[in-house]
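Chain lettering (A, B, C, D and E) follows the sequence in which the chains are written, and residue indices restart at 1 in each chain.
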Amino acid sequence: MTTDDAFDLECLGICKDFGAFRAVDDVSFRIPSGTFFSILGPSGCGKTTLMRMIAGFETPTQGDILLKGRSVLSVPPNRRNVKMVFQHLALFPMMDVYENIAYGLRCAGAGKDEIAGRVADVLTRVALPDLARRQIHQLSGGQKQRIAIARCMALNPDVLLLDEPLGALDLKLREAMKIELKLLQHQFDTTFVYITHDQSEALVMSDYVAVMNAGRFEQVGRPEELYHAPKTAFVAGFVGDSNRWSGRALEVRADGIKVETEAGLTVVATAFGDGAISAGDAVEVFVRPEFIAATRPGPDAAAPGGNTHSGTVDSVLFNGANSRVLVRSPNGTMIEADVVVTGGGNDLHEGDPVRLDWPFAQTMCFAAGGA
Amino acid sequence: MTRDAKRLSLILLFAPFALWILLLIVLPHIGMVALSLREKVAPRIYEFGFGNYIDFLNEPIYWNTLLRTASMSLLVTALALLIGFPIAYYIAKIAGRRARGALFLMCLIPLWVSDLIRAFGWILLLRQTGVISSLLVWSGMTDEGIEFLYNDAAVIVGLVYTVILFMIVPLVSTLDGMGDDMIEAGYNLGGGHLTVLRRIIIPYAMPGIVAGCIVTFMLTAGSYLTPILLGGKNSSWFTEQIYNQFITRFNWESGAAFGFLLLAFTSITVWLGLRLSGQSLANTVART
Amino acid sequence: AASGSAETLRLLTWGSYAPDELIQKFEERYPDIDVEVTYSNNEEMIAKLRATGGAGFDLAQPSHDRIYAAQLEYGIYKPLDLSQIDTDVMSPVHLEAVKTNATLDGKVYAVPHQWGTTGLMADITKAPDVKGWDDLCDPAYTGKTSMRLRRTILLGTAFAMGEDPFAAYSDLDKYQDLLDRVADKLIACKQVIKAYWQGGDDLSAMMLSGEIVASETWDSTAYKLYDQNQNIVFIPPETGALTWIDTFAIPAKGEADDAAYKWINFVLEPENVTIMSGSTGAIAAVKGGADLLPEDKKAAVKASFTEADIENLKFFANIPPGVEDMEGKTLEKIKAATGG
Amino acid sequence: MAHAQTNRALMAGYKAYVAAFFIFLAAPLIAAGSFAFNDSLFPALPWQGFTLDWFFNDTEPKLGMFHDRRLLSGLYYSFVIAAMVAALSVAVGTTNAFLFVRREFPFKTFFYIVMIVPLVIPGVILGISILVLASNVANAVYDRFGVEISLLRPGIFLVVLGQFSFITTITSLVITARLKKFDLSLEEAAFNLGASRARVLWTITLPYLRPAMIASAIVAFLVSFENFNTTLFLVGSESPLTITMYDRMAKVGSTPVLNAVSFVLMVGSGLLALVSVAVQRPDPSGQ
Amino acid sequence: MTTDDAFDLECLGICKDFGAFRAVDDVSFRIPSGTFFSILGPSGCGKTTLMRMIAGFETPTQGDILLKGRSVLSVPPNRRNVKMVFQHLALFPMMDVYENIAYGLRCAGAGKDEIAGRVADVLTRVALPDLARRQIHQLSGGQKQRIAIARCMALNPDVLLLDEPLGALDLKLREAMKIELKLLQHQFDTTFVYITHDQSEALVMSDYVAVMNAGRFEQVGRPEELYHAPKTAFVAGFVGDSNRWSGRALEVRADGIKVETEAGLTVVATAFGDGAISAGDAVEVFVRPEFIAATRPGPDAAAPGGNTHSGTVDSVLFNGANSRVLVRSPNGTMIEADVVVTGGGNDLHEGDPVRLDWPFAQTMCFAAGGA
């Protein structure tokens, strides 16, 4: 048990079937104490189901869940020391802020003074010390968010589960809360398990991210790993923006795999993931727009170890620092590339001929159907 | 929750519902039907038979009254809809936030006093020596008081008054759910007032209209006091007929038959109405 | 109104047959009896008791003609213990009349309380010629007469046609024929009358306001109006006022028989008779009942009845089983006809 | 600007119509109420002067309503009946709401429609059918065992059952509507914070339902209070106010005391209606 | 009239008062035919009110509105050839897709065959040819969006108004619809007036953007102009991300204005906007994170014409191509800078000392209170 104690939460081979449908499929992971752990996946992939099993609202069909090294399968949800922040927060509208936070303490049988102390303490820690007597509907979206977290943290949980808590907020607030959530986690130094389908949230906040798809974990790793070294085509496509082409391996060379895409573009790519690729295999190729340099065609030769193509600017999507061009290659493939638009004479415009360059190393190639 | 606990709690929740429906609705109606199938052959001697229904069919007075009740109820329903719709629309869509609550409340107040008081009020207003007639005499518009009471028009006014709230309430609640943008979209795409009303507002409000009509119709057909108190020498109402059978003629058997006939007849009317409007009980009355 | 152990006497009676003054007096005399009153009429009394199988009430007051058939068919009354009632104070005529009507298998089910008549009422300044039942249908008074659409008017109209409906009871076919003719007449009459009255209230209001000038009425109602307007008098029809005797009968499952007998005897005491008659306008069926009327009512009666009229009173006869139904249907037919 | 002008004219006409409608709504009530203050023995014109006798006078013939034993006892019975009906129908309405919102069972839609049906059965028929059944049962028991079940005879108990039979539909619909809006995650959150099932029900779900329960209790109370059609057949010797008033009108003769009662009822109901609006309004929690 | 005909829509000095409150204040603009014109502004600034006046649902308190050169103030809304896509789309739920699109045509009195033809045509153009008989509730969010546009376009409007039509969609779909909307506008070649409070939407899609604040237009221009040459502090802050500091001008120099921020940071900035700035004036300074280079401190001198500061990495917000560092300067100011995180050894980490450089030219300085 001593080794296990280092993990706040462990899931061992968890499966969950709804009738014939397997919503969660053999998921195993361990979360070291004090980690910000995200589960990232598209809608319907089983994230909530997994979280509900951890909280005790669903029983796994198979597998075991351990909290601080102890199996909790037979512990009813109101006795598990896992607290949860719900997507719509589920603050109790008929109670004020104080009562919301005190609720769990009362359930635990805490005395009056203890409750008052703990509530004041946790309110201070979420930086809202004066809001105790506010009604819930008098709070702003971000304040509600923090109160929902405070309500859980007042109980010193082993693990805090958060199910897309930012989903309901508007754009600007969501951006601000991303950073704030990470600071709160530091502050409480508790293990957070955070569910989201928004890759930027997962990347920005997490120590570790698990990418989930169709009930399975595709990859677990640090954000940078997932972004730069995806193990499956799904992860490559889901994490970060990418140009994505299906094609066929023509030749496996020393410096990379030569691939012809369905539209007829020929690129040299680097094998990623576990599946070995031989000539003739169907493959998926991913290139992130930020690795593609779009320049006016000039006389320079292609850089060694780089793909070079030419095309025409189809449209310029100006978005400040995140501007992008859509380039149509002669065979009709649309290629997205990040560009800097300064408003000066050097900018690309619709209809301009353009040359695109990107390194083999940043051309990720996966065996198709591998995931 | 374990499977057993789930079962048990389901049973516990189902029990009050089942008892209510079974003991107070289903069994009494079965009893009523059974009673209606008894024929009296001699004092304290009864036989099974359809005599009471046959009597009904053979006696034009009875089915005329039923038809009259039904047709007047339909008329009342239609009038309530015509009169109530603009009011509901005003409350739901035009009145300001604060006015809306007040108007809605004002609509409800008459609902909270009994039928009896409402009819009483109408009598005070409509009788020959009543308020309206006196006003007319006083203003010199007529020389002699006019009797507004004791005719079908008075009954209809009284009934519309009594039931219109049940029309307005579901209408307000459906119209409330219709975004202003829906109406504006209707104009924006080129519709005039009539087109928007006919093609957008009314279809949208259909569940509310149907719910209001059902409740209004059933209440009207089943009403007792208003037609009796305001009705004239020619007016008869089917519930009065039922009352007479039960109370003044001690003929429970045919009273039960009449009761069943009223229920069946009005239910069929409602069913037809639902059919024609393509609605169902669950998405109309249940929603309001 | 009294202590917790109080017994309740539940009266099922006509409006105004239990004036508060008397109830208070009675409760003072018998502090452990609470009186609770339900107002009703003949039909409802029977219907209620039928529904309860004779339970729910301790004393009912149907008219004398309504005992026999109801008892025969539904068994809703219990036999009276005449030894507990001061039958001596009752006027023998009425007592005998009720007894003959209300005896089944040798058991007596009712004794008389008050009697009165149903006849006509008119404002003599506006309708001086009203003499008989059919004058209500006189086109001269179109829109200004009223009647109550119950069996009384059927009987009255039959008399006015020169028939004796009570005699016809023995041959129901003949009676049906009579009823049909009565119905025709009353349907034709619909053009004339303004409305059918339902209770004393509509009638009083219409009469006092002058909306109508003549009507069928209970004499008691007429007497009350006489107080307000001396032009309104009760008119016994030429063919004779129809006379009813309201009775005392004890429901089969009454639970306070003693209290009921106490009430019966109590209201028959002379000074109470006066209070009662003051409230109801009817004459108590006790010896010298007419003399016990309050002064104003006495005057009204004097203004209405001659000796000949009193000779000519027509007592309601017992309703044999089946007649109620025939009459009911006839009434419905009249109501439903679109005559005017 | 032509369209603006026609629009304005249309709107003015529309408002006039709405105003006329509310006059129509108020007229009979005002008539019924104001004659309570007429110093006359009959609730009719001409106006004889203002009086409060019909409320407070303690002698015949102008016996005021607060001294009229029968009216007061009618009022009392109405209260008792309405309170029982409200309590019962809110209780069953609540269990029904849980049944239909939270549970799955065969023929649920069918049962849901069955739940609505009592609302549209004519009241007279409800009263009669219950009366018939109750009498038949009581008679059968009496014939068989010689025991009189007085509860099954017309009286308060049957009146309560009769009114309950359709008012429960109303309360069920109101409470169901509210429970449907309930965010289940509130319960899960409470559970997650350590509360037991009973505690969740008591501290979260029921408080959430409270406005609907209060509002539907008020509606039930008022509907019961004013009910006539169903009550008429089931009433025993303890008659509620509507029946007393009807008897008074139809069998004794109305005096302005009935207007006085009407006036008091209107004021009372108006206040209750306001309360019900007030409990439902501050509802930012409605989500 | 001939000159005006080139403009589909003109607003001349439009004002709208609600009681004492002026919701739209003297707004004038002209939109050339076939333009994608966006109105960008924070919630409550009057965007919807302006649009409703154009559509005819509100009457301006002052000013005139011209469509194709003709004043439409006296034309009722159902006779104006301006169609509108509502925020919640306002598709008619009781009609199917076909009927929704046919509605306007029927109102215009088109014949049966003509309607069928036009509906089919417009459905093809929005790439949903097979959906005619679908019920509205059977459509996905993006499909609804397109049907709402098709419903308007079937009527060949002079101008199409769109009131935050993407607001109700979820993140991924919103991204996809941005591009799609622009393509649809090309496709129909109709003037679009697009309302949004999301700057990235406005920038990506529009030919011209008007930035609105408190009822007034602050600036109208091409997206690049707004981004790179904002005329007011409001525009600088609202369009694109920025570090924003309040401060005071110390000295007006030839190469820029020397400013000390409230927190005590000294920077040299360039004057933007119309208000002249003299020493001692209160100013607002904006620097976009992408112009700040964050590097490990080295021996190189500051580049000429550049601000240089040092600090410590407070946190790294990894977000693939959009990663950012929060740097705490010695006086406690938090400065955001875009960085590239490759996962390699060169990446910055929490606690690392860092040097920040950015050009004077990219340090935008506005007179405070100027807007």
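Everything that follows uses one rule, which is that a contact is a pair of C-beta atoms (placed from the backbone, for glycine too) under 8 Å apart; a residue touches a chain by one contact, two chains touch by 3 or more.
Just so it is clear, the model here is predicted, and its values are computed rather than measured.
**Student:** Can you name the chains that touch chain C as well as chain D?
**Tutor:** Expected: B.
**Student:** Need the graph distance between chain A and chain B over the touch network, please.
**Tutor:** Counted as steps through touching chains, the separation is 2.
**Student:** Taking each chain's centre as the mean of its C-alpha atoms, which one ends up farthest from the centre of chain A?
**Tutor:** Relative to chain A, the chain whose C-alpha centre sits farthest away is C.
**Student:** Which chain has its C-alpha centre farthest away from the C-alpha centre of chain E?
**Tutor:** It is C whose centre lies farthest from that of chain E.
**Student:** Can you tell me which chain pair comes out on top for contact count?
**Tutor:** B-D
**Student:** Express in whole angstrom the distance between the two chain centres, defined as the mean CA positions of chain B and chain C.
**Tutor:** 36
**Student:** Averaging only over C-alpha atoms, locate the centres of chain C and chain E and give their separation in whole Å.
**Tutor:** Roughly 89 Å separates the two chain centres.
**Student:** Compute the distance, rounded to whole Å, between the mean C-alpha positions of chain A and chain C.
**Tutor:** Roughly 91 Å separates the two chain centres.
**Student:** How many Å are there between the centre of chain A and the centre of chain D, using C-alpha atoms for each centre?
**Tutor:** Chain centres of chain A and chain D, defined by C-alpha means, are spaced 55 Å apart.
**Student:** Of all the residues in chain D, which ones touch at least 2 other chains?
**Tutor:** Each of 44, 233, 249, 254 in chain D touches at least two other chains.
**Student:** Of all the residues in chain A, which ones touch at least 2 other chains?
**Tutor:** As it turns out, chain A has no residue touching two or more other chains.
**Student:** Mind pulling the chain C residues that touch 2 or more other chains?
**Tutor:** Residue numbers touching two or more other chains: 198, 205, 209.
**Student:** Per the contact definition, I'd like the list of chain B residues that touch chain E in the complex.
**Tutor:** 179, 181-182, 184-192, 195, 199-200, 203-204, 206
**Student:** Please output the residues of chain D touching chain B within their complex, sorted ascending.
**Tutor:** 14, 17-18, 21-22, 24-32, 35, 43-46, 91-92, 95-96, 98-99, 102-103, 105, 109, 111-126, 128-130, 132-133, 136, 161-162, 164-165, 168, 173, 197, 222, 225-229, 232-233, 242, 245-246, 249, 254, 258-259, 262, 265-266, 269-270, 272-274, 277, 281
**Student:** Which residues, counting only chain A, touch chain D once they are in their complex?
**Tutor:** Contact set of chain A toward chain D: 55-57, 77-79, 82-84, 86-88, 90-94, 103-104, 107-108, 135-137, 151-152, 155.
**Student:** Would you pull the chain E residues touching chain A in the complex into a rising list?
**Tutor:** 171, 178-179, 182, 198, 200, 203-204, 222-225, 227-229, 239-241, 288-290, 315, 317-322, 326, 338, 341-343, 347
**Student:** Going by the contact rule set out above, which residues of chain D touch chain C in the complex?
**Tutor:** 41-42, 44, 60, 63, 69-70, 73, 131, 135, 138-139, 142, 148, 150, 153-155, 233, 236-239, 247-254
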